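Heads up, the next two complexes both have chain A, just with different partners, chain B and then chain C.
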Partner chain A sequence: MPKWFQPAAIVCALMFAATPIVIANAPFESTMGLVFKIFFYHMPSAWMFLLGGILCGIASLRYLINGAARHDRTAFAAAELTVLFGLLTLVTGPLWARKAWGTWWVWDVRVTASLVSWMIAVAYLILRRYGGPGSEKLAAGLALFGMANVPFIYVSVNYWRTIHPATSVVPTLPVSMGGPLWFCVASFLMLFILLFTMRVRLEEQRARLDAVYLSLDE
Partner chain B sequence: MLSIFLWMNNVLTAIRRRAALLLVALLCWGVLPAVAAQQPPQEQPKKFDEYVPASQLPPAEQIPAARLVVGAYSFVIVVVFLYMVSVARRLNTVQHEVARLEADVKRTGRS
Partner chain C sequence: MFARAMWLILRKDLTVEVRSGEVAYTTLFFAVSCVLIFAFALVRDGRAPEDGAAGLLWIAIAFAGTLALGRTFERERQSETLRALLMAPTARPAVYLGKLLGIVALLAGVEVILVPLVALLFNANALLEHPAWLAAILIAGTVGFAAVGTLFAAMLIRARSRDVLLPVLLYPVIVPVMIAAVRGTAVLLQPEVDTQVAWFWLALLATFDVVFVTLALWTFEPVMTD
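This part shows the complex of A and B:
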């Protein structure tokens, strides 16, 4: 692991320990009340979900272009994080919607597109796990579709009729709400970087293990 | 004489009628409101077409926000923790395997 990993992990743990206090001190939103507090974990999770999709797509594209195995490892690690943060987004969202919208789920364009993107990431992992030799390139192609869906997810609320909050909400938040939100975003981003580093390291070690086995067979 | 008798009879009848009317009026004015006051008040029909703030809804119709918030935060923390443990365990296993194999390679002198 790199030298910065342990100090960063300690800082990340402290930041996550502070998030409940920071969120508790944030004011209540006037119409939604207490349930709005889910937003402080839901939105950073959603952003990390989209970041994972973009990383996986870019790494897959580079792998398809030059065939370097390290890009494939990066894409694999990013796909797993996309599934993780997508799961967090797709579970915390309905918990919020139950109170705010009166229903667990709506086939709204952003919600549906997020589910599709998450299913593409799950399909990527299944393909890598059970696809056999050569599945790396198939999976990389799939990841490109996942990445293409990301901007669509982001801007969909501005172009389609929807009950999901638009992208204009975050920039217009007052400092008392925006401060805690950006603190949570920083915490989740740090968590994402740490998990991504661990996951890439795991893939590197697996590649090394394969190399050692190959050398023993020769 | 007969005419005087008939006149008095008419006067008495008129007095009796007015007394009866007065009695009925008194009853209407005093007794009926008292009786009405003793009757249970009629329930007003519920107005479902008007806005009712969520805080004024009966408890059975309210959605508890605290449970949803706690559920969301708990889910995030538990899932992230389990994933970290999973990656750490997988990484540990692979690193041990690599170290063991590399030691074997060195011991046997194979490159």
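This part shows the complex of A and C:
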């Protein structure tokens, strides 16, 4: 593990321990009430979900172009985190929606696009897990198609009117609300980086072990 | 050279199909069974749910298409002919395009029988009143479905549990095609066809086709190389 890993992990744990306090002290949103607090976890995990998806797509593309195993390991680690943070997003979303919109699930653009993208990420992991040898390339192809698909999902689902708050809502939030929010984003980003580093390292060790076994056989 | 290789692969697939009929008959029968099951499930007292015909037609196409994709490539695998195809001194994209056209031709044949059947069982005679629109949407949607499906089925040929993996990978990716195709078809079911909306869905399908065929042509080469 890199030198910074342990101290960073401690800081990240402390930050996450502090998030409930920070969120509790954030100003009370009058229209949505207490349920608005979910937003402090929902939005950062949605951002990490997006980040994981983008990382996985770019790494897969690079893997397809030059075939370096390093990019494949990055893509795999990113895909796992995409599924993890996507799950957090998809669980916290309906909890909020139930209170804010009065229904658990709406077929709104971003909700649907997130669900479909998450399913593609899950399909990626299923392929890696059960595809057998050689599935790395196939998974990279799937990731590429999944990434290219996102605009189409957006346009096609957009036919149904959207009630999801627009992205522009974030900068307009009062500073007192933005502070805790950015704190949560920082915590999630740190968690993402830590998990990502750990996962890539695990894959590297695995590859090294495989190489050792192979050389023993010879 | 490129077009010739493509044509030869397409002709080979069609010849095998005409002689054995294996994939065509099984796919067609499966699609018809699908429609019947949905008819039993959804039609009550002779009344079908609104827009049901559009959704059902595309469900049947997607299900039957998955079956056809799996079978065509299984045939290539069993006789080790895909390796021969890939070893042939021709551009890989030509192999992909030949296969894609074969699947599209097969599904088009299935659709010719499927559309009247759905129209009959789901009281959707309106489906047959705008043949040009319907044909355009059917072709655009089928090409989009088959473009992704052909690539995935070819990729999975060497993978374990490929039968299960094909729909698992394919369906999430073709969600936009399904939405656009179903909505586009549903527009035709309205008493007054809103051509602007129909154009929108058709354009979306066409864009999808162009982007994904291009992407598949590029991906086919690195993905099919061991």
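Note that in this section the second predicted complex is superposed on the first by the 205 of 218 C-alpha atoms of A that agree within 3 Å, B and C clash if a C-alpha of one lies under 4 Å from a C-alpha of the other, contacts with A are read in each partner's own complex, and residues count from 1 in each chain.
What we mean here is this: a residue touches a chain if its C-beta (ideal position, glycine included) is under 8 Å from a C-beta of that chain, and two chains touch if they have at least 3 such contacts.
Keep in mind that what you see is a predicted model, and the values were worked out from it rather than measured.
Visitor: Go through the superposed model and pick first if A:I120 touches only chain B, second if only chain C, both, or neither.
Guide: second
Visitor: According to the stated criteria, A:W104 is in contact with first (chain B), second (chain C), both, or neither; which is it?
Guide: In the superposition, A:W104 contacts neither chain B nor chain C.
Visitor: Is A:L95 contacted by the first partner chain B, the second partner chain C, both or neither?
Guide: A:L95: touches chain B, not chain C.
Visitor: Is A:G132 touching the first partner chain B, the second partner chain C, both, or neither of them?
Guide: second
Visitor: I'd like to know which partner A:W4 touches here: chain B for first, chain C for second, both or neither.
Guide: After superposition on chain A, A:W4 lies in contact with neither partner.
Visitor: Report for A:L144: first if it touches chain B alone, second if chain C alone, otherwise both or neither.
Guide: It touches chain C, and chain B stays clear.
Visitor: Output the chain A positions appearing in both contact lists, the one against chain B and the one against chain C.
Guide: none
Visitor: For a test of understanding, state which residues of chain B touch chain A in their complex under the given definition.
Guide: Contact set of chain B toward chain A: 63, 65-66, 68-69, 71-73, 75-76, 79-80, 83-84, 87-88, 90-91, 94-95, 97-98, 101-102, 104-105, 110-111.
Visitor: Show me the residue ranges of chain C that touch chain A in the complex, using the header's touch definition.
Guide: For this pair, the touching residues of chain C are 148, 151-152, 155-156, 158-161, 164-165, 168-169, 172-173, 175-176, 179-180, 183, 204, 207-208, 211-212, 215, 219, 222-223, 226.
Visitor: For chain A, which residues count as touching chain B in their complex?
Guide: For this pair, the touching residues of chain A are 20, 33-35, 37-38, 41-42, 45, 84, 87-88, 91-92, 95-96, 98-99, 102, 191, 195, 198-199, 201-202, 205-206, 208-209, 212-213, 215-216.
Visitor: Sort out for me which residues of chain A touch chain C in the complex.
Guide: 64-65, 67, 116, 119-120, 123, 126-127, 130-132, 134-135, 137-138, 140-142, 144-146, 148-149, 152-153, 155-157, 159
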